[in-house]
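Here chain A shows up in two complexes: once beside chain B, once beside chain C.
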Partner chain A sequence: MGSLREAIRKALTAGEVAGVVGLILEEGHPRPHLFTKEAIDELERLVVGDVRYPLAGVLLKIHRSDPEARLGIVARGCDERAVLELDRNEQLNGEGVVIFGIACTQEQANACQCAQPYPSSHLFGERAAPVSDSERFDRLESLSKEERFQYWMDQFGKCIKCYGCRNICPMCFCPDCVLEDNDLIKTGNIPPEVPIFHLVRAFHMAERCVDCGLCEEACPAGIPLRTLYKKMRNVVTTQFGFTPGITKEGKGPLQYLGDGEFGKQEGH
Partner chain B sequence: MTNSVEELEDAACIMIIGSNTTASHPIVAMHIFRAKEKGAKIIVIDPRKTHIASYADLYLAEKSGTDVAIINGLLHIIIKEGWYDKQFVEERTEGFVELKTLLEEYPPARVAEITGVPEAQLRQAAEMFAKTKQSSIVYCMGITQHTVGVDNVLSLANLSMATGHIGKWASGVNPLRGQNNVQGSTDMAAIPNVLPGYQSLADDAVVSKFEAAWGVTLPRKPGLTLMEIMGAIGTGGIKALYVMGENPAVSDPDIQHVKKALEALELLIVQDIFPTETVALAHVVLPAVSFAERDGTFVTTDRRVQRIRKAIEPIGDTRPGWQIICDVAHAMGAGGFDFASPSEIFAEIASLVPLYAGISYERIAENGIQWPCPTKDAPSTVFLHKDRFSKGLGTFKPVAYKAPAELPDEEYPFILITGRDGFHFHTGSMTRRSKSLTAQINRCYVQIHPLDAKKLKIKAGQMIRLRSRRGAIEVEARITPIVQSGSVFVPFHFAETAANVLTNPALDPVVKIPEYKICAVKLEKAT
Partner chain C sequence: MINYHTVYTTCPYCGTGCGMLLEVMNGRLVGVLPCKTNSINQGKLCIKGWSAHEFVHSPERLKKPLLRKDGRLEEVEWDEALSFIASKLKAITQTHGPDSFAALSSAKCTNEENYLLQKFTRAVIGTNNIDHCARL
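So, the complex of A and B:
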């Protein structure tokens, strides 16, 4: 913890970054916070624990309110992947974001079934072994098409249209969300139209989802969203040779469409 | 709740009765879905096929207001078949013989006729609930908002005691409270016949304790309930009313009458965070703060006393409710009320309320504590009634089925059910100010069964005039098999076409809760 804190302190006092997004302990609970030079003592309350927040999403909000400021982020593997994809989608200037990496414990990696439970470099923790298999994913893949279809219809039918999956997603950056478009998805119904609501979101996640799993943690209906988006990742990987969050180079499949502006600002 | 919300995940059978859980308590529904994922059987009993009913292993489509008959019917089968918990009944309860005698009158054939639920389904439900090791009951306003609200609750208590499904992990009787702090309000005696902590106004020792602490002489006669207050305005002697965070001009039954009563007051003071329909009638408005602008505690539906902390400073001239109340008290010349912070008020609560005696701001700094917590080192009480009931033995209270106060007749041939739409909360004083929620739905509707729609030649989207003996509203028709033929449903969030123009102010004789869930209406095409 000491080296992480020191690295942030150094970067802030040297003016290398204007602020660092991380978690602060308040009244016994961690919450997202922007650490700054002006309140450097707050670094004593910087925490790294089991709790996760969509810190890349918080970073994006701060960046939008002050695009010139160079920012840092205390990033797990999933946070770093999100920063990378936000950059590819031209939402952030990724070169300008300083990563203060933290590696997740093996326990966390197992709980998250995370294939990359660490960022490219880290100042805290030990690299845990990647966990590549998802029990639920494999179980669903082994079902017949009809059984799988029924499974997902049942799962989507539990939805209470709270938008929690979208609201917590660090990759949901569109200013206008198609999930709120009355022409595409009728308003006022619970569950929202099955399966279009969930499939529209799944398609939007195809080249964006960094497999952080926060959507599934947030879902009050217990819909296994991450399993759905894992499937999308797999399809995009096999069909287009592109996996979100892995390399800095290259474009996502949808970025080849049109004049290159597609997906930059508007919802697509 | 006798259990904690998260215990429901471990229940092996959950009976949901009179609760539209996914719409009204989505987080509770999440735990129920988790239980189902782990193999729990879900029984839903409701006159409407609610969202969660479509996930039930067994859905009993009862006729409105026949809960006592259904529960008695289930108990009849359970006892006849010997599926009840003999040891529990023997060791922990009294009055079983009286219950058994009454249950003789509820054979499946008769119950099927009253409730509309086929005998085979009654048997299935009885077996599923009684024979599963850890069964739990979840209920909500579909049980309580009836002229037989108390009888309904007593029936559920009878069922849980007879089957021994109470006082255990994941097994108990679980009413879901509505507002985030309605449990806290009840704990603090926002009921006219008790002092804080459910301490009886009839108990001399209790009253002396409070009199000594507050330096006053307390009136010994219980006050009036909400509906009695409305009735006592004018002729009954009520001249002034101080309303806090409540919107009776929309939320009470028969609101045209309520509005007249509120207008007849010599003084109406309303303390709220938004200009509600009740605020519009007020002589004095006291602007209070929202949850985000204040410190204090909220008590959850599972008795958990939790800290809330101010996130932003109060906006404009608003002030926390406790400060407003203390200042009003001072202005009226009352002694006491000299608190510097909510923590001082909490310390007073702990000193006077045994259920809270062991709870302090220090102890709940990080995590809440579930009452009863009688001493400073007592742990959270995760579930109630372990090993013994607070009064000792649990008493069976046999209750006979009684029909609702106003049933359909030739002139008013439909049953009206009122309740929640998933996108709004109560009178909409908060949710109808939310852009994202009003984008989903911002006008009232009536659910009509396809058969009734066909018979009356009503099309989806058409404007329908609903009329009861008390008034009429015009709303849009939604045609759906969620409601039974012969019943219609209207959500109660929309002041401009308020469902409570229609509802019947008939009250439960004991607790005076109105029968919001059943009244008779007719449908006319609006021109």
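So, the complex of A and C:
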């Protein structure tokens, strides 16, 4: 923790970065914050713990407001995957983003069932062993098609259409969201139509989802969204040899459609 | 210099009291995040909470009382609005009795504000016609 803080302090005072996105402890709650040279003492309250926020999403927001500023981010494995994927989708000037990587503990990796509980570079802390199995995923896979369909219809039926899954998602960067497109999904009605609402989102996440699980943590109805998107990632990986969040280069399968700009800039 | 910080507060929309973080960028409210460590909502919000920031900078937001004059709503100062309300309340309750008045309070108000409204209704006006928005 001391060395992480020191590295950030050094980068800020040397002017290598204009600001670093991380968590600050205030009023007893860790929360997203932009650490800057002007308020360097705030670094004393930088925290790293069990609590996760969509820091890459916060980074994107700040980048959009000031595209010239070089930014840093205190990133776990999932945060780094999100930064890479945003970069691949031309949402960030990736060369500019400085990763201050932190490794998750083994307990955190186990709790998240995370296949990559550490970022690829600039690491502080010891790497925990990856957890590649997901019991829930495997259990669902073992069900028959009919049982699985019924399972998901029951889960989607709990939805209160809060849009929390989309709002918290660091990969939901489209300026116009398909979930608010009246031709696809009736807006202004609660609850949402099932399964179309959830499947539209699932397909949209197929080549973007970095498996951070923030959507599931934000779901007031307890829908196992991460398992759903894991399936989508799985299909995209096995069928197209593409896994989101690994590299900032290359195209996702959907981006081969049309003029190749599908999914970039404008979204959709 | 860019500035991004959050303000910890309670959702203004209902009585549940979800903890939320208002995202402030360069002095403007730009978003809401559910507070993960709040014991009430534990990192979750409903659709109202998620969009609770939108009214703050809305150009349609009422910032002053409106009073209908000659059939048109006009912006007036609080003193004028409150004097108008007081004179009307007085006239109506004197003519038709205190039960001609009813108050509807709100889950968006504080506990103390709700207490004041029921006290005003019962002790000043003299009626038990007090209810709240959750039953509307």
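By definition in this document, the second predicted complex is superposed on the first by the 263 of 268 C-alpha atoms of A that agree within 3 Å, B and C clash if a C-alpha of one lies under 4 Å from a C-alpha of the other, contacts with A are read in each partner's own complex, and residues count from 1 in each chain.
Keep in mind that, in the parts below, a contact is a pair of C-beta atoms (placed from the backbone, for glycine too) under 8 Å apart; a residue touches a chain by one contact, two chains touch by 3 or more.
In this text the structure is predicted, and so the values were computed from the model without any measurement.
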| item | value |
| --- | --- |
| Fit-or-clash call for chain B and chain C when the two complexes are aligned on chain A | clash |
| Touching partner for A:C162 - first (chain B), second (chain C), both, neither | both |
| First (chain B), second (chain C), both or neither touched by A:V58 | second |
| Contacts of A:L34 with chain B and chain C, given as first, second, both or neither | second |
| Partner chain(s) touched by A:A218 [first = chain B, second = chain C, both, neither] | second |
| Which superposed partner A:E180 touches (first chain B, second chain C, both, neither) | first |
| Chain B versus chain C as contact partner of A:P191, first or second or both or neither | first |
| Per-residue contact with chain A, leading partner among chain C and chain B | C |
| Chain B and chain C footprints on chain A, overlapping residues | 27-29, 160-163, 190, 220 |
| Chain B residues within the chain A interface of the complex | 22-23, 26-27, 29-30, 33-34, 37, 51, 54-55, 307, 309, 365-367, 422-423, 436, 439-441 |
| List of chain A residues in touch with chain B within their complex | 27-29, 154, 157-158, 160-163, 180, 187-188, 190-191, 220-222 |
| Touch list for chain C against partner chain A, complex | 1-6, 8, 19, 21, 23, 25-26, 30-31, 33-38, 41, 43-47, 49-50 |
| For the chain A and chain C complex, residues of the former touching the latter | 18-19, 21, 26-34, 36, 38, 51-54, 58, 61-62, 65-66, 69, 160-164, 167-168, 190, 217-220 |
